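Multiple structures follow.
Note that chain A is present in both complexes that follow, paired respectively with chain B and with chain C.
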Partner chain A sequence: MRPALHAEWTKLRTVAGPGWLMLGMIAATVALSAAAASVVTCAADGCGGDPTKLSLVGVVLGQAPAAVLGVLVISGEYGSGMIHTTLTAVPHRVTAFAAKAITLTGVVAAAATIAVLGSLLAGRLILSHHGFTAAPGRPALSLTLRATTGSILYLTLIGLLSLGIAAVVRNSATSIGVILGLLYLLPLLAQAIGDPHWQRRLEQFAPMSAGLTVQATTDLGSLPLSPWAGLGVTAGWAAAALVAGGLLIRTRDA
Partner chain B sequence: MSAPEIVLTGLRKRYGATLALDGMSFTVRPGVVTGFVGPNGAGKSTTMRVVLGLDAVDEGTALVGGKPYRSLRCPLNHVGALLDAAALHPSRTGRNHLLWLAYSQGLAARRVDQVIEQVGLTSAARRKAGGYSLGMRQRLGIAAALLGDPPIVMLDEPFNGMDPDGIIWMRGFLRSLAAQGRAVLVSSHLMSEVQDTADHLVVVGRGKAIADAGVNDLIAATSSGRVALRTTAGPHAMAVLAHAGATVVATGSDTITVSGLPADRIVTLLNRSVVPFSEVSAHRATLEDVYLELTRDAVEFRAATPTEVTR
Partner chain C sequence: MTAVTTAHPAGRRTTRDGFRQVLHAEWTKFRTVLGWVAGMGVATLLVVLVALLAGVSSDQKGSPPVPIGPGGEAVTDTCYFVHQPLAGDGSVTVAVSALDSSIPQGLGDLRPGVVPWAKAGLIVKESTRQGSPYAAIMITGGHGVRMQDNYVNDRAGLRGPVSAASVRWLRLDRSGDTITGYAGTDGTNWAEVGTARLSGLGSSVQVGLFVASPQVVDGMGTTGSVSTAAFGDLRLHGGWTGGEWTGELLGDHSPSFAGFPGNGSGSFTQSGGRFTVTGAGDIAPAVRETLPTGGTLNDILTTGTFAALIAVIVVGALFITTEYRKNLIHVTLAASPRRGRVLLAKAIVLGAVAFVAGLVGAVLAVPLGARLARANGVFIFPVTPWTEMRVALGTGALLATASILALCIGAIVRDSAAAVTSVIGAVVLPYLLIANPFMPASVANWLTRVTPVAAFAVQQTLVQYPQVASHYTPYQGYYPLVPWVGLAVLAGYAVAGLAVAAVVLHRRDA
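Take a look at the complex of A and B:
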């Protein structure tokens, strides 16, 4: 396993794409979070809202580069035919696939940590200028910690979900279409549905709306799912995609 | 590991409606270059993919050094293969491509620089592989195949895209690999590319080996009983000889190959019919002839052949 990991890490660091995608993820997450924080103002009767969740809203945008990286790690190789070289070097297919998943996890988690902490910091700085310093606006530290680690885990899970989908689909463009549709179209669909029962069902089931409940620190009663359970739904999606991808890689002709 | 051989037994593989391999069996032995030739679509690449465990067969076994490829640990130390020289990430340098491959086998970066020098790619190694010519990519692919210093080397169409210098280099290189005792399998759809290189030939058509013999034996078998005739009165000569029961093929503007009649009988017949001719000699087949003869029925798509008159 270690040689396979060394090989995958070398692949990632010897082309420019992954580095730029991770920089893009950090920039998009921090920029959108900062922008969102700078447009809210405290009303006279109290600040309200969920400042932590607001500071992390950039994750909604930052997940796209993470998804693209997850896709390209494997479907890029199917596109060029390099997957044959990879699988002749590491003929144990599950090992080859696991090495990709572990390397991707490390890279996305590291970049996501920077992106999430950066967003939180930017949010704090900007919101404090807008009067969010009062105690009622500050959630308990444990809740902020949950939102922070949860957001980092969420971005990592989206990378893995994309890897799994790409291992099934194999084609880069189709895979990116499927994953972005899953992330962004399902919540839109939920908004379009009139029936509140089905709307709630869809929000509990869609990987983004379920997973991002982990960012909530206030008004937890109104969430479609409890925060960790929501992230669990995203983890379930990622696990299902990885298992499907792993099984197909094992059984299909390369 | 037992003897460094590739042993294929009864491989069958179907892709949808296409039967790609239909009982492919042969052995690639150490110390010789085995040419693997046949028309496009005859199953050469599929066979190589099966050997490397990339495609699973419906029936049969493919063993390298006595084991299935997929059971090998650090397989590049056992088998070095070049399947598709274009299968690269275009923005990764040649050296970095070899680097990740080396690391995947637990090899050191030092080994990468050795194989780069061995294939003559030192000056281009730190450039992006996307800018390489096909010939340079072939050299990079060969370098990758040599990384683990494997006793078995398998190359799919390595002459493709090579300039004449490259072809000459490749021939010498393949011979030297065999001289070091390695088993070398080289595929080509052009017989002329392997004729000065291979000691042994496996000719394939429609998914199976239709000949598996030494190069000299194959040439001798195909040449036997044929006579080359040089004449300016081609049609007349062909009519006369065909009438006498020979199979006659026009092989050039003034040359005819005759089979089924001995040379002295041909001379007598032509003299009797007053057909002028300038030369009658025993025909020595080229590998090209051998190949055409063997694959005549196996070619799936074929243009019209030169005039052929049978009685």
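Take a look at the complex of A and C:
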């Protein structure tokens, strides 16, 4: 396993793409969060909304580069034919795939930590200028902590979900289309649906809307799922995609 | 030398690498790759399936019927109406000395406020039936004297607000089907504000005073309002002779009427020729925000079109990047050395297929989705057959243009992942922002002017009315650009992409 991990890390480290993608993820997350925080204003009768969730809204955008990295880690190899070399070097295919998943987890989690903490800091600084300094505007530390770690985990899970999907689909363009559709389309579909019951079902099931419930720190009763259960749904998606990808890599001709 | 020339006659040579051959070659490539054809099929399917889902899942069963105006448009027809039936031709005059509005602040606490489109004045209405033809002259909260008729027509008269110091005199004359409105400041000198022709008006009509007070735009939402007007010297002239005045709230069960704020109610008091009338609601065309049971073709199509966009963007990018990956591009460019033509041929083939995919999707989705939605009680804002055709053709053009843009980006960056990510990003990000109901109208409208999502304007079926205050945002189905101009914004990006791709393809080693 260790040589496989080392090989994957070397592959990831020595091309420019992953580094740019992770920088893009950090920039996109922090930029959107800061923009959202600077747009909101407090009404006269108090600050509504959830300041922590608002400061982390950039994750919605930052997940796209994470997903693209997850796809490229494997489909890039199919595109260039590198996969033959990889599987010759590590004939036990599941090990090779697991090494990819572990390396990806480490890289995305590290970048996500910077992105999420950066967003939170930017949001705090901007929101305190908008009158969010009052006590009701500051949720309990444990809730903020859950939102923070949850967002980091969420971004990592999206990377893994993409890796799994790309292992099934193989073609990078199609994989990116599928994963971005899965992430962004389902919540929009929930909006298009008129029946509140169906709407809630879809929100409980879609990887993005379920997973991002972990960011909520106020008004927890109105969530479609409890925060950790929501992240669990995203984890379920990632696990299912990884298992399907692992099985297909094992059985299919490369 | 001559032998060579005769062996390859000039005519045959030109047909060999003529544009038709390039086009044919590209069409053959496209149709023989199962994944690309399937991708376009998926696009059509997504448009239809999402429309079906939106239709099936809508839930407005048992909602009250929406009043329809004389022009066939959805209207709101709620006001407090002090009226009596009057036969034949005649004239009515009144002096308005006050129009005061209240807006709830917090929980039902009414405070005085400005309601720009609060209305108080004289009205001639065919009957008290919802959506019946009318003509009215009125003083408004912030837009001076107006003459309005049949819900959609609006003309401006005397400017300035009304008060005890500046009383406004209003007059309506009926002569057959023609109603003429006048306004003045003293009751003797009258200036004509406008004329309305109400076709098919019977001999007896309802004539009287009305007060309406629409919702006001308040930050991200709207609040109901209530207004009270003071009238004096209500007089009938000409052939009209007065009877008893009766007051009633018209259209209090209308789906576009949210009720009186703070548990109030409409009322009127009379002493001699002086009247005090309190009312709410509006007599105006219905807008999306005031009609919660309403839906549009836009709602049925847009999400599915967005899904289909992702599919055609993937196919568009792959149509060229696959050639680079498989090195087929060398063969393609050897067969047709004029590279710009190859790009153009690809764009035409791809655009045509995507257009058909979108057109077929929309043609199937609109009637099916609308029918299911109507069966579930949703009121679909009426559209003309021309608008419906524009929506269908526009959906095809939208998909075609987006796929061509993806093709060009693919030709420029040569990498499918990068091309797909950047084009989807350019469409998805602004779309997500405008699809957010909490997005400020200014930001949303700016995004739908300059980014590729401007093209979604081609699916809009709603009309903005300056005389109705509402949030006219893309989320509500109102776009800042007219349909074809919106599409032209995306087309501009595609043309720029084509130009850059042609230059790059020409200059760079393949």
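Keep this in mind: the second predicted complex is superposed on the first by the 254 of 254 C-alpha atoms of A that agree within 3 Å, B and C clash if a C-alpha of one lies under 4 Å from a C-alpha of the other, contacts with A are read in each partner's own complex, and residues count from 1 in each chain.
By definition in this document, a residue touches a chain if its C-beta (ideal position, glycine included) is under 8 Å from a C-beta of that chain, and two chains touch if they have at least 3 such contacts.
None of the values given here were measured: they were computed from a predicted structure.
Judged by the touch definition given at the top, the superposed model places A:G181 against chain C, while chain B stays out of reach.
Legend: residue contacts after superposition of the two complexes on their common chain; A:G76 is shown touching both chain B and chain C.
In the superposition on chain A, contact of A:H129 is made with neither chain B nor chain C.
Shared-chain residue A:A16: touches chain B; no touch with chain C. Of the two partner chains, chain C is the only one touched by A:Q191; chain B is not. Of the two partner chains placed by the overlay, only chain B lies in contact with A:A254; chain C stays clear of it.
In the superposition on chain A, the residues of chain A contacted by chain B and by chain C overlap at 76. Taken together, the chain A residues at the contact with chain B in this complex read 3-4, 6-8, 10-11, 14-17, 76, 80-82, 84-92, 253-254. Per the touch definition, chain A reaches chain C in the complex via residues 39, 43, 45, 60-61, 64, 68, 71-72, 75-76, 79, 171-174, 176-177, 180-181, 184-185, 188-189, 191-196, 198-199. Across the complex, chain A is touched by residues 49, 52-56, 69-72, 74-76, 81, 83-84, 86-93, 96, 99-101, 103-106, 144 of chain B.
Looking at the complex, you find that chain C touches chain A at residues 35, 39, 50, 53-54, 57-60, 106, 219, 295, 299, 302-303, 306-307, 310-311, 313-314, 317-318, 321, 325, 373, 376, 378, 416-417, 419-421, 424-425, 428-429, 431-432, 435, 440, 443.
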